[in-house]
Amino acid sequence: MANFLGAVIENLFKKPATRPYPFTKREPFKDARGLIKFDGDKCVYCGACSKKCPAAAIRVERAEKALYFEPFKCVTCGFCVEVCPKDAINQEFEYRKPDYSKSIEKYGPSAVPAPAKTEAPPSQA
Amino acid sequence: MFLNSGNTVLIVFMAVFVAPLIGGLLMGIDRILSARLQGRIGPPILQPFYDMMKLMSKKPISGTKIQIICVFVYLVSMILSLVLLMTGQDLLVMVLVLAMGSIFFILGGFSVKSPYSNIGAQREILQVLAYEPLIIFYVVAIYLKTGSFMTFKVFELKDPLLYSMPLFVVALIIIMVIKLRKSPFDLSTSHHAHQELVKGITTELSGRHLAVIELVHMYEMALLMVLAMLLFATNLWIGLALGLFCLFATIVIDNITARLTWSDMLRFAWKIGVPITALNLAVIYYFSIIKK
Amino acid sequence: MSTRTVIPMGPQHPVFPEPLQLKLSLKDEKIVDVAPALGYVHRGIEKAAEKNDFTQNVFLVERICGICSFIHAVCYCMAIEDIMKIELPPRANYLRVIWGELHRLHSHMLWLGLLADSFGFESLFMKFWEIRERILDILEKTTGARVIISACAIGGVRRDISDEHLQEILTVIDKCEKELNGIIPVVMSDTTVKRRTVGVGVIEKEKAIHLGIVGPVLRASGIAQDARMTGYGAYKYLDFKPVVEESGDCYARAVVRAKETYQSIGLLRKAINQLPSGDILTKYKGNPGKAAAVSRVEQPRGELIYYVEGNGTKNLERVRVRTPTFSNVPALSKMLPGMELADAPVIVLSIDPCISCTER
Amino acid sequence: MKSGILGLLIVMPFIIGILCFFLRNDLVRRFLVIGNALALIGASIALAMSGNGSFTPPHEGINWGQLIAIGDFFLLAVFIYLGIVRKSPLIIGLAALQTAGLIWLEFFAGIHGETSPALYGDYLSTIMVLIISIVGSITTLYALPYMQEHEHHIHIPVSKQPRFFMYLTLFLGAMNGLVLSNNMMWMYFFWEVTTLCCVMLIRHNGDEEAVNNSYRALWMNLIGGVAIMGGLVLLHIQHRPMAFQELIAGGRYEGFLLLPIALLCIGGFTKAAQMPFQGWLLGAMVAPTPVSALLHSSTMVKAGVYLILRLAPAFENTFVTKMVGIIGAFTFVAAAMLAINQSNAKKVLAYSTISNLGLIVSCAGINTPLAISAAILLIIFHAISKAMLFMAVGVVEHNIESRDIERMEGLLSVMPFTVFIMVIGILSMILPPFGAVISKWVSLEATAKMPVEMFLLVMGSAFTVLFWTKWIGRLLETTPGKPTPKMEKLPFFYVLSFVFLAVTVLVLSVMAGPLAGKVVAPAVMQYYPAAGIGQAQMNLINDAGSFPVLSIFTVILLAVIIPVLYLRMKECPGSSVYMCGENIASSTGTAFRTLKDSSSEMQLSGYYFDHFFSENRHIPWMNPVAVILIIVLIGGLCF
Amino acid sequence: MSSFDTSNIKSPWILHYDTGSCNGCDIEVLACLTPLYDVERFGILNVGNPRHADILVITGAANKRSARVLRNLYEQMPDPKMVVAVGICAVSGGVLHNCYNVLGGVDKVIPVDVYVPGCAARPEAIIDGIVLALQKIPEKRKLLKSREAKTA
Amino acid sequence: MTQTDTQPQEKQFPVLEGAENITIDNLTARVKKLDEEGYRLLTATCLDRGEKYEIYYHFDKDLTMLHLRLLVNKEEEVPSLSLIYLCAFLIENEMKELFGVKFSGLFVNYGGRLFLGEDSDITPMLKCVDC
């Protein structure tokens, strides 16, 4: 019992180890495997990423020149980044935020510059 | 009685309405302190009240009617024993009423055919078994010093009881550990979930019925404080400090021990707690009876 | 008094982080009979591994188990490398050891914490998990993820560790060691902890082999068996000696794991000091041929065995995973009877159950 | 007037008993028993109204003393005969020993029961008479339907009820006689009559176990008889009065002079089933339930504690008082401890009786006015509660064919009324503001200055709570979502006895203050300078504390009634219990899914702590300790 | 917001259940309780009992046997209750999408209020997810009240 | 997975290097002998070979592995090893459940409900014919 007495008393007088998370955020580590972003312009819609994605989170419509990405399926393994011949996939250091619904992102050549959410989150208002 | 009726009304009011507030605050402090001992920040101090309010607002889906009745009786007898204590009534009656509350609580646990509630109730009996002798010895020791079981006599003493019953501080800490369900004796139920009985005796309660239990804990905390304060009744501030010290010791013990089994608890309470109190009691006997 | 209490413990139960049911028959609180029921996390990963491209499987097998995930990937890759006859660059072998031992370190701390939690020693649990976060931080810095690090690849590893990070690992493990020095003695000698672990859930040396137990549980029963002794990866250069205890109870298991944390720290220091420079990945071509291979490695919980069979296509014919907990579960039915209900969580945790890899 | 009342109380039951035996008609018997009960109740109340006083039966016509002596010899002859039938030298020897003593007293020492007055009804006796006549009579009424059912259950060809009711009513008469006797020879006679009745009632069913147990009861009680006879002989040798009042009034005794009193106390121990004589009372539970209800509540065992209580003023502040206090307290703890391991309801009740008697004996031993008050209060409340409990267990046994507490699991939903009564009965033993607990409170306050007794008392109380609570727990266990149970149908006399006893215990508990002030205090003050107890308005007070009976009662009553009303208005939604997520909807509502996806019934049972509290573990040391305590009691006086 | 709403937001008790996860997310949920993240700051307690819980935190792709347990647990929680799916497995099945014994995503079994992505979901994300769930509580309470009013 | 179209020949499948062939008849005796020699039973691997099951039993002693290879027709009963190595019961139950291998003398029989529930597919690990 006495073994731990010192440790707890020490804790009492130390600053708590807690990171005050939502109030102050830590910088994400460099090279962290965070969320996946596609570059619709660089992409040639070859479908390599789609074939290799272990989570089947990517669908490439070659004819349509469209890439559908389901971020709520992606396990952020970064395999697609590795296999993409055109460096069209970028893995950011930030992680993806929770949401009320599972959105799907559609990418295409710069006609559609920003990822468009095809599914409106329900009942958020 | 030493109290005039106006005073009594005030004290009853305090016991019924102010005590749970103080108890709740102490519970909040308890949680913060526990967190700090673990190197965490911990919840806001008003957390016990938030918890209770939230539970009040939820739709209960609790087990049986008998359990609900029992829970209310538990609450009432807890309040009653606090009132008895604070109005200077018979200490032994207070202990009996307190025990009655526990028994109803246990019966409530038994009244649902639910595994964890049932085993929790069995263990709660054992907890009563463990601390009851200590409380009664405490009361008897006070009797021997004051010559009366009436609480108010304590306040008429010249010297605080602590001087003649120092070992009862240990007994009080043991009682607190068991009553506040702290490790190593958090057997029948506990605040945190990680234990073999899920939430033990309170497993089947929910919503406002569970809120009642939380309320009882607030009263219980206040009651234990008052019990501790009796040791230093000549100066209630010191008494309070003593009570807080006991509480602090309890929390520290909670954080430096593993949970033991019920048989260990009985062994500890009876093989260590009882002899310690008995020793103190024997000394008091010697001076108060044999010497005279 | 022949009446008994028959109750379910689990699948959802606060002491079990993972779903597992024990149907307990009790007399008072003494366990007289126990029947474990599984199947709450069975997913069918072995089958999915046949459907996937064999390169994807690296990510799939990692997710058999989220704690020793990297080691799963290592074992799988070793089997594939065996089939495809791929030679690893030495640095890759060392990096695998470094990440593997970091996993063991955080896994053992996690377990020691959970053990503390199983007997309600909350502050100890908190302390272990607080220290463990340092390892997770360094894992995230070096691989980009805290838990499922996806650092292993067929033919080597996917990322290198920079010298700067290697230095950081050394300082972090120094710090961890210092902090562990303060709390490991609690596990080893605290009265209340010993009261709950000594003599609880004993498996004698003679019974150990027939019960099929592995890993720290086996070593706690006095049998020196550790897959790292085979010298896979870079272990052959690290002069590895297993930790063995004799008494075979929960206490011995705790001691084995406690000592192994120090051992891992030692191995890490050695590996980092000896770390050769060079490539980290061998390039390979084609698909695994028609051949089978068995590989085994030591996970924090014991030896892990993969049987992989290729058939010349990008899909595999069979991936068989034998995880340590799968081997340790039968022993529970021998450890529990005769103990108290309150001991059940401690005993179940003492084998460090990983239901997710048991059932796959 | 007085003689009429006493005649009704003592002689009438004898006559009615004999009538019951010879008029073998159900209806007639029914009338006789009811009439007897009414007469006894009336007479006892009349006696209570008339105040205390003495009474010696008129000499004309009958020489009562001789009659008693003849009765004594007859009884001893019966015992010897039983011993011969059993081929038991022990029984024969014990009976012969008494016969020798009796012969010496009657023929050589020349006493002829001439102490006057032969009967004396003081407050204590009156309280006893009230208990015997009221609770006892209620038990006989309860026995009417019970014995019908009983014989139906065990398929008896020829009804043995005439015999049964004879002994039952005889018992009441003998008890009344016992508590009213002032002459010790008379007391001895009635004492032996109760022994006989008890033995005959235990063996009523006639099976082997019953017969064996009846013999055990016989020899154990004969030991008591020998002790009493020894005491009487010794008293005579010491030229001291053989009448209670004079003995008590004779002042305090020392040393060897206390020996006869100690012997009488040992006689009391046997009847009160104190350790090590507890065996016979446990064996007695084989008898039909009314017998148990009678033995445990108002008769037999109460004779034992009565005797000790009666003598208490004579050994105040002596070595005897210390030892009696310790023996009683020891029995209190030991029996409570053993009760924990029992699942047989009657056995639990039996141990609880032994334990409570221990407490009463202990109070008598502590022998302060307050303690004596506590003892009297306990006798009253214990009698009522225990009668109620035994009766309820009997009814349950007839319905579920078992007296196992585990089998009573969830009984609330089958027999709500009986269970309600049983729960009231149990609660009245352990919870404030019920009388038994008030008495316990008094006894705790009384022992606060006796370290050993206080320690034992505290321990014992804790154990008591354990086994009672466990039991109610089993009864109340209900499955959520089940419909509210319907009231069961019970014979009139069952309901009558239940309701009467429940109301009595409630009323007396509420009236504990007046009861203490108006009834108990005078009884104590007859022999002690103060009562140590009294009433302040409705509250019970003593020198050191006060029990606010009425306020506690009101508050608790409200605490029960308000939620009941609230729940009546608001149906709480039924839901299956938590079973780790594997609960399944089944007919029982308590099944869970387990391995192979099969369903399994959840089972619950109480704890029995075989390891800690089993009889096998403790009896082997408890009995020797008790024997040693008794030897110390005797030895301490001789040397 | 009434004070009941406030206290509902300030005292979310969680029940964690694993419907077939790899442990990765489980330990991250547990890690939330430990000093570095200390969710008790927000009044969060892990109660381990559905009757006491307000928020059901689920990890793991719903396995067929677990789905049954999950439904039971959800039913035993008192209203208003929230469900937070933690980790890609619980959100959609993730890497386990082609396993024969998973249903893929717990929203196939019970309604889910908040999806927390990540494999494993980081403690920060879990905290964010619970905070998101809490913001929904007043709305849920209102809904519940109106439904009760309708049935009454 | 083209070979499932034609009748699968045994030699079409790779054999684990160093595996020792064994039949149903001498399985128990061989394993008993291994037990006496102090081998640990690591696990068993079952493979679906069309008409037959191929079962590898993996043993270990002093860090050396030993594999027994058993080929049985799908209808045949394999003697259980659970009475020699208790731990085998879990392995065999798993094979029984996922592949449909029949075992005789299983120490604890989960009856195909170890991992799979009532609504799961039966023997999901078998190779699909139209795969």
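Brief remarks follow.
By written order: A, B, C, D, E and F. Residues from 1 in each chain.
Assume a residue touches a chain if its C-beta (ideal position, glycine included) is under 8 Å from a C-beta of that chain, and two chains touch if they have at least 3 such contacts.
It should be emphasised that the depicted structure is a prediction, and the values quoted were computed from it without experimental measurement.
Common neighbours of chain E and chain F, by the contact definition above: C, D. Greatest centre-to-centre distance from chain A is found for D, with centres as Cα means. Seen from the Cα centre of chain F, the chain whose own Cα centre is farthest off is D.
Two chain pairs are in question, A-B and B-E; the one with more C-beta pairs in contact is B-E.
With each centre defined as the average position of its C-alpha atoms, the distance from chain A to chain D rounds to 79 Å. Chain centres here are Cα averages; for chain A and chain C they lie 28 Å apart.
Computed centre separation for the pair chain C/chain F is 25 angstrom, with centres defined by C-alpha atoms. A straight line joining the Cα centres of chain A and chain F is 42 Å long.
The multi-chain contact residues of chain E, meaning those touching 2 or more other chains, are 17, 34-36, 38, 41, 46-51, 65, 68-69, 73, 76, 94-95, 98, 100-101, 119, 122.
Those residues of chain A in touch with two or more other chains are numbered 1, 3-4, 8, 11, 16-18, 54, 75-77. Residue positions of chain F with contacts to 2 or more other chains are 113, 115-117, 124. Contacting chain pairs in the structure are A-B, A-C, A-E, B-C, B-D, B-E, C-D, C-E, C-F, D-E, D-F, E-F. Those residues of chain D that touch chain C in the complex are listed here as 341, 343, 406, 579-582, 592, 594-596, 600-611. By the touch rule above, chain B contacts chain E in their complex via residues 31, 35, 38-44, 47, 49-54, 56-62, 191-194, 198-199, 202-207, 210. Taken together, the chain F residues at the contact with chain C in this complex read 1, 3, 13-17, 35, 38, 40-43, 45-47, 56, 58, 63, 65, 67, 84-91, 113-117, 124-125.
Chain F makes touch with chain D in their complex at residues 110-111, 113, 117-118. For chain C in complex with chain F, the touching residues are 38-39, 42, 44, 46-47, 209-213, 225, 229-230, 290-294, 296, 303, 305, 307, 309-311, 313, 315, 317-318, 320, 322, 326-327, 329-331, 334, 359.
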